Amino acid sequence: MSVTETIVEPPPPQARGWSRARILGYALVGLWIIFGLGIVAYLVSAWNTDFFFRYAPAYLQGLGTTLSLVVVSMIAGAILSLPVTYGRMSKNGILSGLAYCYVYFFRGTPLLVQVYLVYYGVGSFRVELESVGLWWFFRDAFNCGVFAFALNTAAYQAEILRGAIESVPRGQWEGAASLGLHKLLTLRKVILPQALVVALRPYGNELVLMIKASAIVAIITVYDLMGNAKLAYAKSFDFQAYIWVAIVYLVMVEILRNGVEWIERRITVHLKR
Amino acid sequence: MPGPTIWTLLSWGPDGWSDDIAYGALVTIALALATLPFGLVIGFFVAFAKQQEEPSLRLAANIYTTVFRGLPELVTLFLFFFGMPLLLQHVIRWFNPDATIDVNSFIAGMIVLSLIFSSYASEVFLSAFRAIPKGQYEGGYAIGLSKWQTMRKVILPQLVRIAFPGLENCWLILLKDTSLVSVVNLAETLRNAGVAARVTKHSFLFYSLAALVFLVLAILSSIATGFIVRSLARKGATR
Amino acid sequence: MRIALRIALAASAALLTLGVAQAQEKTLRIGTEGAYPPFNNLTSDGQLVGFDIDIAKALCDEMKVKCTFVAQDWDGIIPALQAGKFDAIVASMSITPERQQKVDFTHKYYNTPSALAVPKDSTLKGVTKADLAGKTIGVATTTTHFNYASKTYTDSTIKGYPSSPEEQADLANGRLDAIEDDIVVLSQWLDTPDGACCKILGTPDPQPVEIFGPGAGIAVRKGETDLVNKLNAAIDAIRANGKYKEINDKYFKFDVYGKSSS
């Protein structure tokens, strides 16, 4: 939030009549309305009770798969992000170098490549994985998806956490130290509560990004929401399969985004004047 | 049939796959570069609309970013790749019943990536707009510049400098998002690597190679943006 | 800025004309998959090769039209045909009632049965529903094999793959207990070093024609009867003049056409 935003300006007098901006604005909103009505009209005209009842349960099941994939990956990623954050902030050159490389790799390459690498790439090392007793894990496509997603989100979450911790002024560390708190306690009781308020919005964004990105596991045989939509389309060649899935994703993301905003407003009440 | 060695697989030429993946890398770069100007221009105007006092303009711009930031990239891509030709066909058939339309995957990818890139870039532009104090506009008007001139000569130069780091991030996201177009058959890096993996069964090798290509592109981008940042800073300093 | 804007406008104009370019009538654009050896496959220099490709080229010669080939992922191949990305599919597509609602087909140009492959050390004995209960079967989605497997093996887990090589890789590394595919495709793969892990378990019997159809045909957009007739005439012609046999013998030791009834 920039400083200028908090300066209260008197509201400008309401423009009357048809300015150019208003004509353009109404035209654009009109376009969106036409577009929305077009989709509604399409869905009504393409309404097919058989299609709906045949695939709606599959979509619901897919939604469940998507959500559990995202939740498990986010939590695993959060745990994994702790050592990475530690490495990134460490003064030890080797440690911070390693953590930097980790973050750079997972943020610098497409998630799709990482997913392929884990599912098909690691899948070709079955003998080696069996000998170390890990094959049961990588045998399952869902696990492979979770594995790739957790590694990926850990890199992003580490950066969020680091940024948030660094956003807390140095004086807070010094103040706590002067009270005789040791470092870990300072981190837990003083720094993290402040840092997490800063980190809430980026964490929310990351969650939204993960939900959107989760659609790509459909490509490695996981029947998530997108996977079921692809299957429905491939079986019926009915384009509404994709329209429905788009609506579900959009609603899900909007609910989440507004939820995060609501929580942020609630917990930053004390910061507002 | 003895399997070819890794070095044959990675060689340049008819037996190896390096030339195919290098060609794919060129397509990746071309797609990202072709998307960039459209994404920037659309993103700028969306942010500009959100800055306006006219509520309808803000509403239209908000719907735009809500939709294209809310939909998974893959869903947007499928909607356009399969849906747009069907829609266009319906429209064109009113005029010419025999016409068929082909929207190739490069163009479909470009359109979709422009939509996604612009909705992210608009957020960056918007916060840059907000970082520029009102006085800058008022100063512009006070010395007799028109609205458009103020925008071009006073606001834009500052806006670019403030927005640049955010836009660099958007560019890196764009670069990675190009890989999604591989699922609609565009022969870019990941797709060619995937074909090589299917044919040779060396999945790990070729997907690692694809990852390497994207890493190199990311590193090259940071070098290039480093230059731009320095030249922007120089311009700012000599003012 | 003005120059940049002008360039952007010029570029967008150029791209729009490119995008809305009408399909030319003289060249026939043929869509195929490129991941279904020996019928169609991609080589390391980006060439499409295989039985389907050679048949398509022979048909084009016969019809005296120029042909270009487009590689398209299997699960989007009919939508891509409908969207006008090409004019005909020559990709070992079985003629099924389900697909006939969306596209028109020529007569079959070959017909081979569906089969199941398993790892060599598999304890599976047969290919009935009971034999495969509780097992995981991999099949390429939106194929007749997929439809058969999902209707027949209702006690098994069916996993859908984008193409045959992926399902083969997952059978080889043990993610799957069995895969179902065209017997010719499976045999070809089993002959390669990667296929050494596995063997043919058997062919489901009977193979209902309402699922598998009379064989593989060429698909075109609905209502393009003229093109169907031309292609049918060309199929009959290459069957008669020995060209078909020549291509058949290049790839197979037996006749893939099957019973000459259609």
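Worth a mention:
Letters are used for the chains, namely A, B and C, taken in the order the chains are written, and counting of residues starts over at 1 for each.
Convention: contacts are C-beta pairs under 8 Å (C-beta built on N, C-alpha and C of every residue); 3 or more make two chains touch, one makes a residue touch a chain.
Treat the numbers as computed from the prediction; the structure is a model and nothing was measured.
Because contacts link each chain to all the remaining chains, their graph is best described as complete.
Looking at contacts between chains, the pair that accounts for the most C-beta pairs is A-B. With chains reduced to the mean position of their C-alpha atoms, the one farthest from subunit B is C. Subunit A and subunit C have centres, each the mean of its CA atoms, that are 37 Å apart.
Averaged C-alpha coordinates put the centre of subunit B at 34 Å from the centre of subunit C.
Centre-to-centre spacing of subunit A and subunit B amounts to 19 Å, using the average Cα coordinate of each chain.
The set of subunit C residues touching two or more other chains comprises 79, 82, 166, 169.
In subunit B, 82, 86, 183, 201, 203 are the positions where the chain touches two or more neighbouring chains simultaneously.
Residue numbers of subunit A whose C-beta contacts span two or more other chains: 120, 123-124, 219, 233. Residue ranges of subunit C in contact with subunit A, taken from their complex: 75, 78-79, 82, 98, 102, 138, 141-142, 159-162, 166, 169-170, 173-175. In the complex of the two chains, the subunit B residues touching subunit A come out as 49, 52-61, 63, 66-67, 69-76, 78-79, 82-83, 86, 127, 130-134, 172, 176-180, 182-183, 190, 194, 197, 201-204, 207-208, 210-211, 214-215, 218-219. Looking at the complex, you find that subunit B touches subunit C at residues 1-3, 13-17, 19-20, 34, 37-38, 41, 81-82, 85-86, 88-89, 92, 99-104, 107, 110, 152, 156, 183-185, 187, 195-196, 198-199, 201, 203. Listed in rising order, the residues of subunit C touching subunit B in the complex are 1, 4-5, 7-8, 11-12, 15, 18-23, 34-35, 41-46, 71-73, 76, 79-80, 82-85, 163, 165-166, 169, 192-194. Those residues of subunit A that touch subunit B in the complex are listed here as 2, 4-5, 9, 12, 15, 19, 21-22, 24-26, 28-29, 31-32, 104-105, 107-114, 116-117, 120-125, 211-216, 218-219, 226, 229, 233, 239, 242-243, 245-246, 249-250, 253-254, 257.
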